[in-house]
Every structure is written in structure tokens, then in C-alpha cells.
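Take a look at the structures listed below.
Shared between the two complexes below is chain A, which pairs with chain B and chain C, respectively.
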Partner chain A sequence: MAGGALRIAAVAIGLAALPAIAHAHLVVTGMGPIYDGIDHFGLSPEDSIPVVALALFAGLRGPATARLLLAALPLAWLAGGMIAFSGAAAPAIGLSVATAVAFVVLGGLLAANAPLPPVVSVAAAAALGLVRGFADLSGTPFSGGHLLTLAGMGASVFVVFALAASLTLPLKRFWMIVAVRVGGSWLAALGLLLAGWVWRYGARAF
Partner chain B sequence: MTRAPLPVALRCAIAALVLGFLLLPGAAQAHIVKGEAIGFVSGFLHPVSGLDHIIAMVAVGMWGAQLGRPAIWVLPLTFPLVMAFGGFLGLIGVPLPGAEIGIALSGVVLGAAVLSQFRAPLWLVATIVGIFGLFHGHAHGAEMPPGHNPLLYSAGFVLATGLLHLCGIVIGLLHRWRWGGYVIRAGGGAVMAGGLIFLWQAVT
Partner chain C sequence: MRRLLLALAMFCGLAVAGAAAAHEVRPAYLEIDQTGPGVYQAIWKQPTMGDVAIHLVPHLSNGWLEETPVDQYAADGFLIRRWVIRSAKASPLDGQTVSIEGLADTITDVFVRVRLQDQTGLDTIVRPEAPQARLALSKGAPTTVPAFLLLGIEHILTGPDHLLFVLGLLLIVRDRWSLLKTVSAFTLAHSLTLAAATLGHIQLSTPVLNALIALSILFVAPEAIRAQRGEESLTTRYPWVVAFAFGLLHGMGFANGLSTLGLDKGALLAALVLFNIGVEIGQLAFIAVVLALRRAFRLMAIEWARPMALIPSYAIGALGAMWTIQYAAIVFGAT
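Let's look at the complex of A and B:
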């Protein structure tokens, strides 16, 4: 009996002493490239805030405009990422300025509830998608994994845009629309402050 | 049904506990490094850290609520933009002489407007509020420190400013009741008095 217990204890100690990595935790395995793309979008306010703003604006402009932008924005984001894979580079200061401009323009459009023609709205969405997609993957070499990361970003943009636009599409009450427009003015204000930061601190502003 | 009073010893213990908490040293300063734009929280706390700013922001909301449509929503829509433009000017180093006096005057003028229920054309109201917004924004922009995340810092800053307006609007909605009108006007008087104190401090 005592010999059996000793054997079991020896096996248990031997197993415990095996030098092996568990691979059970994300710190070892990572999230995987698709989730990396989703995380990147969700954790980057310079990406997610303009997308939400554009979606709220598209919802206020009606379902036809919202559908067009729902297709245009993720496609442009993917195109921007693909351009970044080609090795093209942009100065960091340029991307910082583009971020500030995006906040001011999109916030201003939302605050004014500007009756833009659909073509102009699509052009604005395409510009935002190209710039942000490029900025996200600038300096990243092309690989299958990075392509999946870009796909994760594109999917996030699509889903977040659709959800945010669906918030303002059914709005009819005056006060609710005003609340959204006030949010737009806050966003434009944020963009103005960002422009000041860039002016003062250059590319290292953010 | 009457409740039995708490024992004297228990009441003394509660009072001692409350006094003890009041005497605790309040400045924990455990996380946010002073003077740096760490992120959202430090940006959010910036506008609410100065009483001169708070009373003016709240007064704008109260005045807008007194004036009704469209001022009640035009002022919160335009003020953050003008203030942010002032912040932009401050950040890029454009001087604005007399900013402290302008900020103090904003309390005096906006408080007086609320106290007197001053009614004016929308363009005039927007101009008055806009000019004062420029002074407030410039002061904030000139003071903004370098930090780790200006985007989140600025987002917190703008959100806090907007919420101060909202507080003013909510307070201003009391004017629907007769007694509420008096309360708001008294609040305007308090803002004006605060503005006068800040004006005195600015010029001496």
C-alpha cells in the first residue's frame, strides 16, 4: 500500500517538474491576428470616434446615405491598409494633422446636420477610411497574418458603423436630434484642441 | 410607531468617526502625476478644478434655459466650439491680453444676465457667450501641459465642459415653476458675486 502511494507521489512530482509551457493564457498565445485587428480598432479612439461620428451623421441623413457609407467606409479602410502594405510611408505629422482635421470636419458636419449630397458623403467616408486604414498599418510588411489583422479592422468598422447609424436612423424627436448635434459640436471642439496640440508639439503630440 | 433613539455612546462614536474622516489628510495623489495630460480623467478634472470656470459654464446653461428655444440648444452647441478655438489659440501661443479679467467678467456679466432675466436677440446672446468662451478656452489652452495622451485628455476636457453646461440647463429648467424662477435668479446673483470676487482678485 505504502509502495503504491510512493509511486503515485513520484509520478505526480515528475509531471509537475516537466519543463513545459502551458499555452493556456493569452499572454503566451496572443489573441490571433483577426482579434488583434478588432482590438486595435476598439482601443484606438482616433479610429473609433470618427467612425461613430460618421455613422451618426449618416443615420441623420437617412437610410439611403447610410447604406452607401456602410459599404464605402470599410472598403476604403481595407484599401488604405493595402496601400500601407505596399511600403508607402507618410510623415507622422501628416497623420496627426489628418486625425485632427477628421475630428473637426466630421464633428462640424454632425453639429450642422449638413445636407450633403450622397456623393460628397461617400467621398468623405472614402477619405476617412483610406487615411485611417493607411495609418493603422503604416510600416507593416505584407503577410497572411497582417492581412487577417486588416480584415479584423474592416469587420469592426462595418459592425460599429452599422450599430451607430442604427441609433440615429429612427430619430424623429427634435430634442434627440439636437442632442446628437451637440455631441458633434463637442467632437469638433475636440478636433480643434487636437490641432492645437499638433501645432505646439508636432508629430509627438499623439 | 416611534423609533427608539440611538444610545448616546453609539451617537458619540458615529460623530467621532465622521470628525475623524473630516480630519484625514485629503491629498492622496496616488495615481495622476500633477501637471501632465495623463488621459481622460485628468482632462475631465481640468475644467472642474477652477470655480471661476465652473460658475461661468453653469451660468451659460442657466441663461440658455431662461431664454428658451433656440438659445437653450444653440448656446451649448456653439460655446464648446468657440471655447475650443480659444484653446487652440492658447495652445499655439497666440497671446490674449487680459484673459483673467475676461474670465472674471464672464461671471459678472452672465450672472447679471441670469439675475435680471436679460433677454436679447440670439446673435447678441451668442456673441456675448462666444467672447467669454474665447477667454475661458484660451486660459485652458495656454495651461495645457504635455502628456501621454492628448486625445483622451482633450476628450475629457470637452466632455466636462459640456456637462457643466448641461448642469446649468437642468438647473435652468426650474424656471417653469414660480419658486424655481426665484431660485435661478438667486443662483445668477451668486454667480455675479463670485465673478466680482474673481474680478477683484484679477485687478489687484
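Let's look at the complex of A and C:
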């Protein structure tokens, strides 16, 4: 029964993926491409929420993990953007699923305060950065202006990650750590909701 | 290694300079006044560079601004148009939409001011990202406060030259007391000249002012490097003196955002106070983010290698040098 449902899900996702290719909708502030990148990150909860969740998790795991991820995440974001500039395309449904998965996984990690090996933490950050960097700029042609937009996004990721990690790094009191972990469980629940939304509406979900 | 660092900083500067050209954006201005029963006067004032005016055309949904202006002339770096309109309708402006053709392709704002004979009206800012605004006059209270406050916040946060100077100062100061004195001195100085320049008591041509502001950035960068190396200088000992001296220049730069609007003296005073508060809010927010970032690095136990730690100072210096050359070329007529 479960296997049948999985097969149906796989076919449904596969079919939904066929027609729609993801295209980014960049924010135009009128204040220049760097500000466009900063604004795009700030106005895209599918970008900023996972970054904050990962940073809170990294802060709970200590300075060494936070340092590693602070370097890995923005670099992966830039790499994802560069891949998008190369003309590579991805189905919109794939990016929607990836966003929902990111919410579930990162919310789960934060809720569990999971003691991951450094290499796994870096892999999670790299995956998030690659997917979101790619999603932000997919369908965007390479140009000097768009490169600066990507730089603005990368800088925002760096700053927001550092600031969010600094919120949980000094936490010692048990109830404060529990409060942050509860936030993680809410994020995971939100991810499940998004997954249901994608299941229901396919590529039109976002 | 130092050469590599300098090259990297120069590259960053070149990459950023094109997009974030030093802050010389002057807003355009549309004022509609009811001068008598059924008589309205509209004035459109848009910035020009020499004889060149960017493509900005104001439209009003009732068609008033499509008529031929009674006046059109260029003065003091502005193109000015004036219309006189007669309308028998009870409230011909209420619910109309102002839209600015070409604004979306610029980085300037348009300040819209409407004043009716019964002393009601509204002030609003039309921005490139949403180049139109609805005139909801029947709602009553004018929106002057948020408009000027937001203009002040936006003016500093979108001005990389001012922010880089403040960042340079933050790299120089060594303790909280010194930080407080330096930020206060900068605030006091730029508030003084912002007020004096906006009220027309002092004046400096825009290219000269921009060149001097760029020079202040170029000055502060080597001092920041000196401070990071632990060397002593007048600036590292008394950063508040430098902050005050150059703050006077930056205040005149802030004034560009207001004085060019052509507001009458009464409105200008209230606008000046609100604009200055907005500038302070923006400046404090920037300082708070920089200090919070510094705290985050400390909590993460990040120990930057000396060349890495110097990159921001070199980048500030590279941009300052580039802008100084650009504006000096304009001042001396080389471009």
C-alpha cells in the first residue's frame, strides 16, 4: 500500500515537473543591483527562514560548527547562482519540493539539536546554498549587474547567518535552548504543510 | 601578500563602484497648490546634469499635466515646469493617481506635495519600485511625518559614501567611550551643516562637495589600517575630531536630499527635523549591525588573519580613491 502511494507520488511529481521550468523573479529596488540582491534575500522567506534555522542550529552546536557553516553557506549560494548563470534549468516543482524539504530537514535538525559530524553539517549547508542560490537566479542571464545582485545575496546570507548564530551561541539556560528547539519543530511542521501544498498544487504551489 | 590584498580590494572596489556610484541622487519634486477657488498651480522640478535631463515625465490621471505648461525653464541644475489649471469640480484631485514616466529606470525619488486652500493636503514619496501614488485627500491628515522620516532613513542607507565613512570610523575606534564620542561628534557636525545648508546659509557646488566627501573616505581608510596595526596617529588618538571635521562635509551631502526640493521655509523646518531623525535612525541601525557582526565573530572565536582583517579598510580606500579621482575630474572639467 505504502509502496503504491509512493509510486503514485513519484509519477505525479514527475508529470508535474515536465512542463514547468523555474524562473527567478528578481526584486528591482531601483537602488542598484547590490541592493536588489539584499532586498531579494530579505523579501524571500523561502531564502531567509532556512538560513536563520541553519544558523540557530549551528549556534547551538558551538563555535566550530558555526565557523564552518558561515564559510560554506555563502560560498555554496554563490556557486548555486553561478550554475544558474550557466543556463542550467531545473523544473519548478523540483525547487518547490527542495524548499519544503529544506524546511522539514533544517527544522528537524534544530528541534533535535542533532550532534551531526562537521562534514554532514557542511553538506547540509552546501545543499541549501546550492539549491537556493540556483533558485534565486535560475533563468537569469549572466551580466555584470546580475553578478552584483548575486554578491548582494551572498553578503546578506553571510551577515544574517552570523547574526542569527550569535543569538544561540551564548545560550546556556536549558529553557532558552528548549524555546529555540520548539521553534525548530514549528519550522518542520511548516515544511510538512508546504510539502502538502506542493502535493496538492504541484508547480503552482509557490 | 599585501599586493595581492591590494589587488583584491581594488577589484572589489571596481566591481562595486559602477553599481554604487557615490551618493549624488537628487529627488525630483511635484507640487500642486490650490491658489484660489477652482484654481490650481502645479510645479514640476527635476534634476539635470548640465544640459542633460533624465527622462522623467509626470502624469496625473485627470490629465492636468498633459496640458502645455505656462512656464518651462532650466535653473540651478533643475528643469522646471509650471502649469495653471482651472477646475469647477468640488475636489478634482481626490482619488487621482500621480505616475512618473521613466522613474522605474532611475534611482531617484519624487517628492509629491499637495496643498489645498483649506490647509489640508498630503506629502508622499514616489519611488522607482512603485512609480505611482494615489492622492487620497479625503482621508484627512497629511503623511508628512513618515514621508520625511523615511526619506532620511533611505538617504543614508542607500548612500555608500556615508556608510563607508562611518565604517572607517568604526574600524578606528578602540573602546565604547571612544565610539560614543566619535558617533556623537559625527552626528552633531552633520546635523549642523545639514540644517545650515538646507536653510540656505551655506552652499557648496555638488561636484566639489562630492569630491571632498570622497576625499574624506580616502583619508579615513589609511587611518583605519594604521589603527588595526596598532600604530598611533592623531586620528587614532582623537577619532572624534576627524568625525566632527568630516561630519560637517557629510551633513552638506545629506542636505542635497532636502534643499533641492524647494519647500517653503515653514515646511522646510519640520521636514529638516524629521529628515535628520531619519538619517540618525539609519546611521544607528548601520552601526548596530556592524557591532552585532563584530560580536558574532567574537562569539564564533573567529581570528581573522591580518591580511583578511585589512580587506575592509583597503576596499574603503580603493573606493574612496576612485570616487575622488572621478569627482576631481568633474570639478576640473576633465570629463
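FYI, the second predicted complex is superposed on the first by the 177 of 206 C-alpha atoms of A that agree within 3 Å, B and C clash if a C-alpha of one lies under 4 Å from a C-alpha of the other, contacts with A are read in each partner's own complex, and residues count from 1 in each chain.
Keep in mind that, in the parts below, a contact is a pair of C-beta atoms (placed from the backbone, for glycine too) under 8 Å apart; a residue touches a chain by one contact, two chains touch by 3 or more.
From a predicted model like this one, the values you see are computed outputs, not experimental measurements.
Overlaying the two complexes on chain A, which is it for chain B and chain C: clash or fit?
fit
Check the residue A:S166 against both partner chains and state whether it touches chain B (first), chain C (second), both, or neither.
second
Check the residue A:Y35 against both partner chains and state whether it touches chain B (first), chain C (second), both, or neither.
In the superposition, A:Y35 contacts chain C only.
Return first, second, both or neither, reflecting whether A:L70 touches chain B, chain C, both chains, or no partner chain.
So A:L70 only meets chain C here.
State whether A:L190 touches chain B only (first), chain C only (second), both chains, or neither.
Once the two structures are laid over each other on A, A:L190 reaches chain B alone.
So, A:G144: does it touch chain B (first), chain C (second), both, or neither?
Only chain C; A:G144 stays clear of chain B.
So in the superposed three-chain picture, is A:A88 touching just chain B, just chain C, both, or none of them (first/second/both/neither)?
Neither chain B nor chain C is touched by A:A88.
Applying the document's definition of touch, where does A:V120 land relative to chain B and chain C: first, second, both, or neither?
Neither partner.
Quick check for you: in the superposed arrangement, does A:R181 touch first (chain B), second (chain C), both or neither?
The first partner, chain B, only.
Rounded to whole Å, what minimum CA distance do you find between chain B and chain C in the overlaid structures?
The answer for the closest chain B-chain C C-alpha pair is 16 Å.
Both chain B and chain C touch chain A; at which residues?
Common interface on chain A, chain B vs chain C: nothing in common.
Quick check on the complex: what are the chain A residues that touch chain C?
The contact residues of chain A facing chain C are 28-35, 63, 66-67, 70, 144-145, 147-148, 151, 159, 162-163, 165-166, 169-170.
Can you check the complex and tell me which residues of chain C touch chain A?
Spelled out, the residues of chain C in touch with chain A are 15-16, 18-20, 103-104, 106-107, 127-129, 158, 289, 292-293, 295-297, 299-302.
Where on chain A is chain B touching in the complex?
45-46, 49, 99, 111, 178, 181-182, 185-186, 188-197, 199-201, 205-206
Provide the residue numbers of chain B that touch chain A in the complex, in ascending order.
73, 76-78, 80-81, 83-85, 87-93, 141, 144, 146, 149-152, 154-155, 157-159, 161-162
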